[in-house]
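The two complexes that follow have chain A in common; it is paired with chain B in the first and with chain C in the second.
Take a look at the complex of A and B:
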C-alpha cells in the first residue's frame, strides 16, 4: 500500500486533486476573511457558494459562455451576502442566526428551482456546459517536476491571486487599514470620519464575489453538473481554514492546503483497490484532520496568550 | 471685535434632546476665543460631552446655532468637523489595539502613493509634530502594549496630524498619573503658544486653575457662567458647578480601639502569567482605622485585592480577618463575612448593568434569609429595602426598577457603596471608590467612608488619587512595584511630594526628575 502512495505522490497526481479541492475553499475563506475583519463571522459562505453553483451552470448552459456563468453566479452570491449584511447591520439581527437562515434558504431555493425548471430532485446535468478553461503552460508542462503547476483550472490561479491581492489590500492600502479598524474599534474609525457602513457593505460585496467564483468552479470547473447541496460543507471548512490561518491571507492559504492534502489522501485511500475499511471512515479523514489542526492551533494560541510578555522599555 | 480676539467657536442657545426624552442641553451658550485654553466644567450629566459631540458632528443638535470662526456650520459627521480644522480627543481611547502607533495616527487620513499607503511620508510628518510639541512616541510599537499615558499622547498626535487647529479634549487626565498630567499640560501650553485653540472638558478644579484662561460652567444642561480663570477662585467654580457650597468634611474621631481587624502577613502574589506582582507585603488595620494604599495603578493593587477576595491564590504569606486565617478562601465564603468590598471597576465587577437597582442591591444576599420567602425571592421586601437605600444614599433614579446601565457613573458607584455599607461591615475594602465620579458624589462617598470608620469599621482604601488618600487615611502605605516601600502615620508632616517620591521612585532619598 505504501508503494501505491509513493507512486501517487511521485507522479504528482495528488497535487492536481489537492488544488482542485482547495480552490473553492480558499476563495470562500478569503471572502469570509473580509467579513471577519469587519467583525462578522459569515456562516452564510456555504449558501452563497451553493446559489452561485446553481445559477452559474444554468446561465452557462443557456448561453454557452463560462464567463457569463460566473457572472450570474457572482450576482446571486452577492445578493445573498448583501441580504445577510442588511439584516445584520440594519436590523441588528444576530449574524449566526441570519447566516443559518441564508444557508437554509439557499439549499431550499436551489432544490425548488431544480424541481420546477428541470424536473429533477437531485442533480442537473445539462448538455453543452462550457467548462471554465484549464491553463496549460507551454514548455513547463513538459518539464518533469515543474509540470505540476501546469494543467490547473483558471480558478486555481484566481484563488491564488486572490490570496496575494487580499494581503496587499489588507496591509498596504488605506481601504484595508479602514476595514480592519472598523472591525477592531468601530468608534475609533467613526471618530476619524470613516463611514463604517460603507466599509461593512463593501466587505460583504467582495465576499459575495469570491464565494460566487468558488461556487461557479464547483459546478462548471471541477465538474459539469449541479447536485443538491453540492457545497457539502465547503463553506464551513472555509471558516475553519480562516481560524487555522490566524485570520491572515497567507495563513488561509496554508490552512487550505492542509485541508486539501487530508482530503486528497482520503480520496487516494478510497480508490486503493481491495481495501476493506468502510468508506465512511475514510471520508471522515479531512474533517478529523481539520479538527485536529484546529485543536493544535487553539493550544498554541493559548500558550502564546499565557506566556510571560516580553518587557518593553 | 479685534481680529485676534475673535471667537473661533460660538454656540448659541443650544438644545439637545435625545429620542428617549433625555434632555442633555437646554439653552447652552458657549464661546471660545482664538488661542486660549478654555475649560468646560460641570458635574457628570451636566451636558459637557453632549455639547462637544454636537459640535463635532457626532450628535445632531435639536435647536441652536453653531459658528466656527464666524461662519455658521451644521456638521453632519466628524469628517466635516475634521475638514474645518477641529479635532477631538475622546474620553475613551479611539485606538485600534493591533495597529502600530503610526497606523493609528494616520487612520482615516492616510497619505497615498498611487493606491498604496505611503507610510514613510506619514511618519516624517508625525516625527515633526512629535518633536515640535514634546509628544514622544514609539511609532512602530503596537498600541495595545502602550501605557495609558502614551495612548493619550497618540490621541493628541492623531488630532494634530489631521491638521486640527481647534482641539477638544474630553477629560484627558481622568486616567493619567500626576506626572503624566503635567507632561500633557506642558504640550498643551506649547500648542497654544503656536496658535492652537483648546477646549478642555474636566471636573477637576485644580486643573482648571492650573492651565485654563477661561472657564465655562454647565449645570443641568445650561450655561451657568463664563469666567476668566484669573478672576475667580476654586470655591466659586465649585459652588457654581454643584449649585451650593460643599458640606464640611465629617469630623474624624480618633479611634481608641487597639483591636486588629485585618492583617496581611508577608504576602506574595503572582498574576495569571506567573509574574510576581505583590512582594512580601505586610500590614494590619485596627478597628476604626483607615489604611490607605497610595500608588500608581498597575503596581500590584489589583493582585493584592484579588488575593484577598479569593480570585487569586497567593503564592505565600497569610491573610487574617478577625483573628481567623482567611488565606485563599473562596470568594463565596469571603462574601459571607461582614466585609464590604467596593471594586475598582464598577461596570465589570461592581454591578450588573443589565439588571435593576433592586437586583443589584441584593446581588450578594439573595440566598440570605432576609429576602427569601420559601424557595422564592421576597420581591416586596427587596423593593422596600431598595427604596430605603435609594433615599438614604441620595441615588438619582426614577425607581428601584431602573436599569443600572442607564445611570450615570456617580450614581452606579453610590448603588455599590450603598450595597456594601448596608451589610454593616466591620471591614470595608474600597478600591478607587471615587474614580470618574463627580464632585458631589465624591463628597458623599468620602463622608460615608469616614462614617463607617467612626462607627468602628476597619477600612482598606486603595486609590491612585493622592488627595483622596491624604484626605481620608489614618495610615498611608506607599506602594511601588508590588512592595509597600513605606508606611506612615497620616499627620501634618506628610506631604503630597513625599508620597509622590515614594510611589514614583520607591525611595525617598532620590529626587523626582525635574521637569
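Take a look at the complex of A and C:
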C-alpha cells in the first residue's frame, strides 16, 4: 500500500485531485479573509457559495456561456454578502447570527427555486452546460514532472491568482492599509478620514465575488449539476483554513493545501482495494489533519507570545 | 433617510421571512398542512366540503381509499424517493385512490410529530412511510392510534402491530444481479471501455447496514461470475456531496483501473455517474432507471422499484387481501427488484452479456442461486 501512495504522489495524479478539491475552499477562504480584516467572521461563506452554484448553472444552461454563469453566480453571492453586511453594520445584528441566517436562507431558497422552476427538490442536471474550461499548457503537458501544472480548471488558476492578488492588496496598496486600519481600530481610521462603511461594504463585495467564483466552480466546473446543499461544508472548511493560515493570504494557501492533501489521501485510501479500516475513520482524516494543524499552529503562537522579548537598545 | 432605511429593512425582513417560509415547505416542518404537495387536481376546497357533508349518507365502500405518503427525505433525487413517489402516483392513477405526498426533509426530529399529526387528523386510511428511520416511530404510534393503518416499506421490523404492514425489498438480490453484470462487463472483451484488469467498484452513501447490504449482494454476484474479481468499496459520507462522489469514482477509474462502478449514492451518486461518462467508463444506476442520464455509460440500473412495492401493497389492501400485521420480504419474484433492461440496455450491452444475465436471473428466480444477506 505504501508503494501505491508513493506511486500516486510520484506520478502526480494526486495533484489533480488536490487542486480540484481545494480551489473552491481557497476562493472562499480568501473572501472570508477580506471580511475578517474588517472585523467580521463571515459564517455565510457556505450560503454565498451555494446560491452561486445554483444561479451559475441555471444561467449557464440558459445562455450556454460559462462566463455569464459565473457572473450570475457572483451577482447572487454578492447580494447575499451585502445583505449580511447590511444587517451587521447598519442594524448591528450579531454577525454569527446573521451568517447562520444567510446559510439557512441560501439552502432554502435554492431548493425553493429548484422546486418552482424545475419541479425537482433534490437535484438539477440541465442539458448543454458549458463547463468552465480546463487549461492545457501546450508544451509543458508533455514534460514528465512539469506536466502537473497542466490540465487544471481555469478556476484553479484564478484561485491561486487571488491569493497573490490578495497579498498585494493587503500589504502593498493604500486600500489594504485602510482595510486593516478599519478592522483594527475604527475610531482611529475615521479620525484620519477613512470612510469606514465604504471600506467594510467593499470587503463584503469582494468576498461575494470570490465565493461566487468558488460556488460556480462546484456546479459548472467540478461537476455539471446542482444538488441541494452541494457545498457540503466547504464554506466552513474555508473558515478553518483562514485560522489555519493565521489570517494571511499565503497562510490560507498553505492551510488549504494541507486540507486538500489530507482529503485526496482519504479518497485514495477509500478506493484502495481490500482495506479493513472502517470508512468513518478514513473520512475523518481531513478533519483530524485540520485539528492537528490548528493545534500545532496554536502551540507555535503560544510560544511566540510567551517567549521573552529581546531587548533592543 | 433613516425612515427609508427602516422601510427597506421591513421589506427585506418580510421578503426573507416569506422566502424562508416557503423554503421550509420543501425542507419539511412540523406543521403538515403547510407542506403538503397537493397531487389530486380535482380536490378543491369546496368539493372537500361537499364530500364531508355527504359522508354520512354515502356507504363507506364508495369513498375512495385515501393514502398519504410521508417521505423521510426529499424528492428530486432521481433515485430512491422519486421511485417511491412514482409508485404512489401510479396507485392514484390506476387504482383511483386519493393520494397526498409529503416531503419530510432530512431533519429526523421532524418525523415523529409530522407522522403523528397525520394519524391525529384521521383523514387518511393508510399512512405510508419508508425505511428504518420511521419504523420505531410508527410502532409507537400504531399503539396510540389503533384505528389508523400504517405501511412501513423498505425495512425489516422485528415486531409489528395488527395495524401495520411491513415489507422489505430484497436489495441484496438485486445487487447480486448488478454484481454479476459488473463482473461480466469487466471481463468482457467486446466493450470498448472495459480494461483487462478484473476490478469493479462500489460507491455507497454511507457505511450503514442497508447500504452494506447492497454491497454484500454486489460482491456475491461478482464472485459468482468470476471469483478473482476485486471489488473496491468506498462511501461518500453524505447524500449530497456530488463533487466528492465524482472524485472517488475518478480515483477508482484512474488509479485502480476499475471499469465499472455500482452507484448507491442518492443525490451525490449523480456525481459518480457523471465521472463514469467523463472517464469513458461504465456505471450501474440505482433505485430507478438511470440509464437515460448518460446513455452508453450507465449500462443498466439496479431497480429497487420500491414504488412497485407500495403500489402492490395498496392494491392488495384495496382488495382486502393484504395481511396486515405481517412483515414480508419482496424481491425479484414480486417484481420489486430487478435490472433496468430498456432500449438503451438493448443498444449498448453486448448480446453475450445479455444472454448470461438472463440465465442468472432465471436461476435466481428458481431459487438455484441463494443470496445471503446479513439483514434478513
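Definition applied: the second predicted complex is superposed on the first by the 313 of 313 C-alpha atoms of A that agree within 3 Å, B and C clash if a C-alpha of one lies under 4 Å from a C-alpha of the other, contacts with A are read in each partner's own complex, and residues count from 1 in each chain.
As a convention for this text, a contact is a pair of C-beta atoms (placed from the backbone, for glycine too) under 8 Å apart; a residue touches a chain by one contact, two chains touch by 3 or more.
This one's a predicted model, so the numbers in the text were calculated from it and none came from an experiment.
Asker: Quick check on the superposition: with chain A as the shared anchor, is it clash or fit for chain B versus chain C?
Answerer: fit
Asker: Touch test for A:181: chain B only (first), chain C only (second), both, or neither?
Answerer: After superposing on A, A:181 lies in contact with chain B but is clear of chain C.
Asker: Where does A:173 make contact in the superposed view: on chain B (first), on chain C (second), on both, or on neither?
Answerer: first
Asker: After superposing on the shared chain, does chain C or chain B touch more chain A residues?
Answerer: Of chain B and chain C, the partner in contact with more residues of chain A is C.
Asker: May I ask you to decide whether A:189 touches chain B, chain C, both, or neither, giving the answer as first, second, both or neither?
Answerer: Only chain B is touched by A:189; chain C is not.
Asker: Just to be sure I read the superposition right, which of the two partners does A:229 touch: chain B = first, chain C = second, or both, or neither?
Answerer: second
Asker: With the two structures laid over each other on chain A, which partner does A:267 touch: chain B (first), chain C (second), both, or neither?
Answerer: second
Asker: Scan A:125 for contacts with chain B and chain C and give back first, second, both or neither.
Answerer: Second partner only, chain C.
Asker: Which partner does A:17 contact after superposing on A: first (chain B), second (chain C), both, neither?
Answerer: Second partner only.
Asker: If we overlay the two complexes on their shared chain A, which of chain B and chain C does A:95 touch? Say first, second, both or neither.
Answerer: Touch status of A:95: no partner.
Asker: Rounding to a multiple of 10°, what is the angle at chain A's Cα centre between the Cα centres of chain B and chain C in the superposition?
Answerer: Here the answer is 130 degrees.
Asker: If you've got the overlay open, could you tell me the nearest Cα approach between chain B and chain C in whole angstrom?
Answerer: Superposition on chain A places chain B and chain C at a least C-alpha distance of 15 Å.
Asker: Using the touch definition up top, name the residues of chain A that touch chain C in the complex.
Answerer: Interface residues on chain A, with respect to chain C: 8, 13, 17, 20-21, 83, 86, 90-91, 101, 104-105, 107-109, 111-112, 114-115, 119-123, 125, 218, 222-225, 227-230, 232, 267-268, 270-274, 278-280, 283.
Asker: Under the definition above, what is the set of chain B residues touching chain A in their complex?
Answerer: That would be residues 58, 77-80, 82, 88, 90, 92-99, 103-104, 106-110, 112, 115-117, 141, 145, 158, 162, 272-275 of chain B.
Asker: What part of chain A is in contact with chain B in the complex they form?
Answerer: Of all residues in chain A, those touching chain B are 172-174, 177-178, 180-181, 184-185, 187-195, 306-309, 312.
Asker: Can you list the chain C residues touching chain A in their complex?
Answerer: 5, 9, 12, 16, 19-20, 22-27, 74-78, 81-82, 103, 199, 201, 206-207, 230-232, 234-235, 237-238, 240-244, 246-248, 250-252, 254-256, 267-268, 270-271, 274, 293
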